[in-house]
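The next part holds the structures, each set out as structure tokens.
Paired with chain B in one complex and with chain C in the other, chain A is shared by the two complexes that follow.
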Partner chain A sequence: MLDLLVGALVYSNLLALMAVGLSLALITCRVSNFAHGDFAMVGVYAAYTLSVVAGLTPYAWIPAAFAFGGLVSLLAYLLVFEPLRERTDLVTLMVVSMALDMVLRYSLHVYADLMQQWLRVYTRLFMFDDFLVEAAGSRLPGVLPASTAVVAALLASLYVLLYKTRVGVAMRAAIENPGLAEALGVSVERVFALSWFLSGALAATAGVFLPFRIMVSPDTGWSMLLPTFAAVTVGGIGSLGGSVLGAYLIGFSETVLAYQLAQVGISTAYRPLLTFAAIIATLLVYPRGLSGLWSGKGWSLRRRS
Partner chain B sequence: MVATSEVLAFAVSLGTLYSIYVILSSSMELVYGELGLPDFAKAAFFAVGAFAAGALSVRLGAALAGIAWEGEFKLRSYYYATLVSAKVAENPLMGLVIFAVPLLVAVPCAVLLGVLASYPALRLREDYLAITLIAFSEIVRVVARNYEPLVGGTFGAGVVDVFAWLRSPWRELAMMLTSALFAFGAWLLLYRLSRSPFGRVLRAVRDDEVAAAAYGVDVARVRAWAMALGSGMAAVAGVLYAFYIGSVNPDDFTVSRTFLVVLMVTVGGRGNPKSPPLGAAVYLALDRALLFAKRFLPVPFDVNYVAYAALGVLLILFVMKKPEGLAPERPLLTVDAEATEGVTSRT
Partner chain C sequence: MRVLEVKGLRAGYGQMEIVSNVTFDVGDREVVAVVGPNGSGKSTLLKAVFGLCRVFSGAVLFKGEDVTRLPPHKRSRLGMAYLPQTGNVFESLTVRENLMLAAHDLGEEEVGKRLEGVLSLFPELGGLMRRKVRTLSGGERQIVALSMSLLRNPSLVMLDEPTAALAPRLVKQALKRVVELRDEAGVSIVLVEQNALSALEVSDKALLMVSGTVKFWGSSRELLEDRELAKTYLGL
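Right, the complex of A and B next:
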């Protein structure tokens, strides 16, 4: 039971970081970014490489993964999405992001091959060693407090950035009405670039925690992608607060329901079905998602156009 | 040196695959290119055809040949596929039945699912619709992967060789000709539809749904028709694919498969009925060229990965530099060109 709770909480933490990142891409360039899962894997391989080469636990390399994932995402924005942003339709943007997913995922595969020969370590289906924490008479995996602390810190800083700084005001203005913000002297391109950097950086950070729970390979990013979409959709597309809420809702219900299914003898391999069904049901029945319940108030950014 | 027969076998095999991709991309061009509906569940409709062949060919064959079935389907389907194929070698008619029945089951199923999938389009913005269809496509794959009685789950299912009554070079040739026949039929259907009033209605809905509705077009009905046709075509491709490969594996029908078909249509030229044969040719040429390169390039990683990454780069480059594709859509001439010329020269 405790195991179940730990699993659900860690999974939800990761989904929250991923979902907020995906939302940032959605509200700036309106891209349903299918390469978002790959940013997480960029973080995994960055932290893994550094911890093998320079020693130390992968936890220590989270800042490096954050920076590297953000850089890759920033490049994707500058090279691909910025030139296409105003020029093409939403589905084409999505198709382009699928192409980007192929480029990143298979580049990571090539990198994994090279890294295996270079460092003589497993580069597919590997896990990170975790430490254990004594708490309330039982031993908990260290990834639980670590991921919770990092998620809380990052989300709080994001909130401060968006709502208490000049850059944040510019960001929110550019997101809600790019044309008007541009007219008022905000460099929309620079603000969006910052959003994209954060989008990839948050995903890469989430990625570093992943191998503490499951075995990963370059394709793992894809299996994280649809749950992330589910979190964003259930939370209400375009709302950052909703995305966080959606992540915990999806994370907990997926873990708990899969457990319930196993109890009645249905294979847990059907677990993803819940997530997919959640996407379809939300979009068809109440497409505004959870944030539709409090829309317009509080921490809910959305583009008006 | 490579023997001539080997080159021929390669060409025949490539021709079959090309035909299957022409059917798939024709169905994508109809729904996505002409109607503008992002049918990103294409892999699922393709899978419906393949699963029908995987689930039915061996069971039906065993029943027809009077072979008693023992053991679980997932463990024994390959074994019985060989037994049934041996029976088909003596009885061509049986091969025909085993080929026709999955086709007759798969196409109505896919048409029904396609009509169903066209309904969310009434409510959703196009990108959300695409995500909904992707989620649907993954549901189909995950169920097939875990529900073993269907096509054996991760074990996959064996498929009967319906041309077993022919000897080796002719057998593959028969498969290719059958596929080519279906491919030509599917493409001709697309071409004729595109040039017909129905095709103009499709593009009118794509360009401005509200305007089309104002002119009396029943948008929901048009979408349902196009999705029915497109999904049925994809199912035909799926049946052919299963018989061509000789087995069915649920993990063959991922979103990447859909992406490849979208790539063919985009590279070929969205909105032009010439795009499916063009795009499929570009894709296969690139894919095979990279496989050849693999033989001669001693690199310390798997060249297949580079091939996939290169396809991604190709699509991005096309969208950025040549969004209209190799064969751009021909604009509709609503007014006689000479008449407008006269007007402009006078003013």
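Right, the complex of A and C next:
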């Protein structure tokens, strides 16, 4: 049971970072970014490469993964989404993000091949070695306190950035009404670029924790997309606070359901069923998601329609 | 030197031309009213002058500098301010945050100085600082919007129907405020207004637009005295 709770909490921590990142892309460019999972894998391979080369634990390379993921996401914004932002519709942007996903995913495959050749390590279906911590008579995997601390620190920093700094006020303003922000001298392009950097950086940070729990390959990011979209939808599309809440709800429900399925002898391959059901039920019953319950108050950023 | 010169401007959205061959200018501390029937392209003209819609041909000169191809945030930094008819404040932010945003590229000392100036023009703002804009009345929101523009110390303020959200009894008062603004803040003003009579009474010059073209350009008094134009297009 303890292992189940640990698994659920770690998984939810990752989802929270992924979901907040995805929400940032959604509320700035209104793009349902299908390449978001690849930013997580950029973080994985950045940390893996550096840890193999320098011989330190991947935890030590979280800041580097944050920077790499942010940089890739920033480039995606500047080269792909910014030129298209005002020129095309939402469906086209979504299709473009799917194309970007393929480009990034197969680039990661190429990188994995090169890394395997150069560094003589497995670059597909690998896991990171973790440390154990003693707590209340139990031995817990280090990824639990590490991911919890990192998620808490990053979300708190993001909150401070958005609500206590001038840059944050400019970000919130540009998200709510880009035209007016531009009219007041705010460079919306720069503000959105920062949002995209953070979006990729958060996903990449989440990625570093993944191989501590499951075996990963360049395609793992794709499989993380469904629960991430579910967290964003259940939490309320475009709401950062809602995305965090949605992530913990989806993370815990999915983990517990998979456990229950295994208990009654049903394949855990049906695990995504719950995630799909959560998306469909939310869209049918209460499309505003959990954030609809407190919309307009607290940590809720929305763009004017 | 003229503060604003618009020469043969043709503008619109996508491939659709809404404003055709519009020429006018605004002098220092001058109030120019842009009037005309609904759908005549008044708001599109302001957007085109500020760079918010597509310009097909023509030129926009601000203090002699060609700004036709500059993005809006750069025009804003040069001293142009534009207040849209709707969505002219950030509803999810507090009044203070709205004002801080308008002054986001200034040093703290400068912000304090300019804020003092704005508060002397609109003392009622003082008590609203911590309130979210979404909780304010239409009139209070207009004051916040106007204050945001003034904080940027503009030479030119373009107002798109500033009285639209106000009760009829407040319209004259609001437009009188616009003239006070010209006198006290020393700015030039382009005023798009549906309430033609009130706008013409407070402005120096008038631009009458019909179907995207200029039907009259001259002194406001002249337009008021032209019974035919005033009756046909302004219902006066």
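Keep in mind that, in the parts below, the second predicted complex is superposed on the first by the 305 of 305 C-alpha atoms of A that agree within 3 Å, B and C clash if a C-alpha of one lies under 4 Å from a C-alpha of the other, contacts with A are read in each partner's own complex, and residues count from 1 in each chain.
In this section, contacts are C-beta pairs under 8 Å (C-beta built on N, C-alpha and C of every residue); 3 or more make two chains touch, one makes a residue touch a chain.
Quick caveat: nothing in here was measured; it's all calculated off a predicted structure.
If you stack the two complexes on chain A, which partner ends up touching A:Leu75: first (chain B), second (chain C), both, or neither?
neither
Just checking: does A:Gly179 make contact with chain B only, chain C only, both, or neither of them? Give me first, second, both or neither.
A:Gly179 sits against chain C, while chain B stays out of touch.
Classify the contacts of A:Val160 with the two partner chains as first (chain B alone), second (chain C alone), both, or neither.
After superposition on chain A, A:Val160 lies in contact with neither partner.
For A:Ser187, select first, second, both or neither according to whether it touches chain B, chain C, the two together, or no partner.
After superposing on A, A:Ser187 lies in contact with chain C but is clear of chain B.
For A:Leu132, is the partner it touches chain B (first), chain C (second), both, or none of the two (neither)?
A:Leu132 sits against neither chain B nor chain C.
First (chain B), second (chain C), both or neither: which does A:Val169 touch?
A:Val169 contacts chain C only, not chain B.
When the two structures are laid over each other on chain A, which of chain B and chain C touches more residues of chain A?
Touching more residues of chain A than the other partner does is B.
Tell me which partner A:Asp113 touches in the superposition: chain B (first), chain C (second), both or neither.
In the superposition, A:Asp113 touches chain B alone.
Mind listing the chain B positions that touch chain A in their complex?
Residue list for chain B touching chain A: 38, 120, 123-128, 130-132, 134-136, 138-139, 142-143, 145-146, 255-256, 259, 262-263, 266, 300-302, 305-306, 308-309, 311-313, 315-316, 319-320, 323.
Residues of chain A touching chain C in their complex?
So the residues of chain A in touch with chain C come to 166, 169-170, 172-173, 176-177, 179-188, 296, 300-302, 304.
Given the complex with chain B, which residues does chain A contribute to the contact?
Chain A residues touching chain B: 30, 32, 80, 83-84, 88-96, 98-103, 105-107, 109-110, 113-114, 117, 226, 229, 233, 237, 267, 269-270, 272-273, 276-277, 279-280, 283-284, 287.
Which bits of chain C are touching chain A when the two form their complex?
It comes out as residues 50, 52, 71-73, 76-77, 81-82, 84, 87-93, 97-98, 100-102, 104-105, 134, 148, 152.
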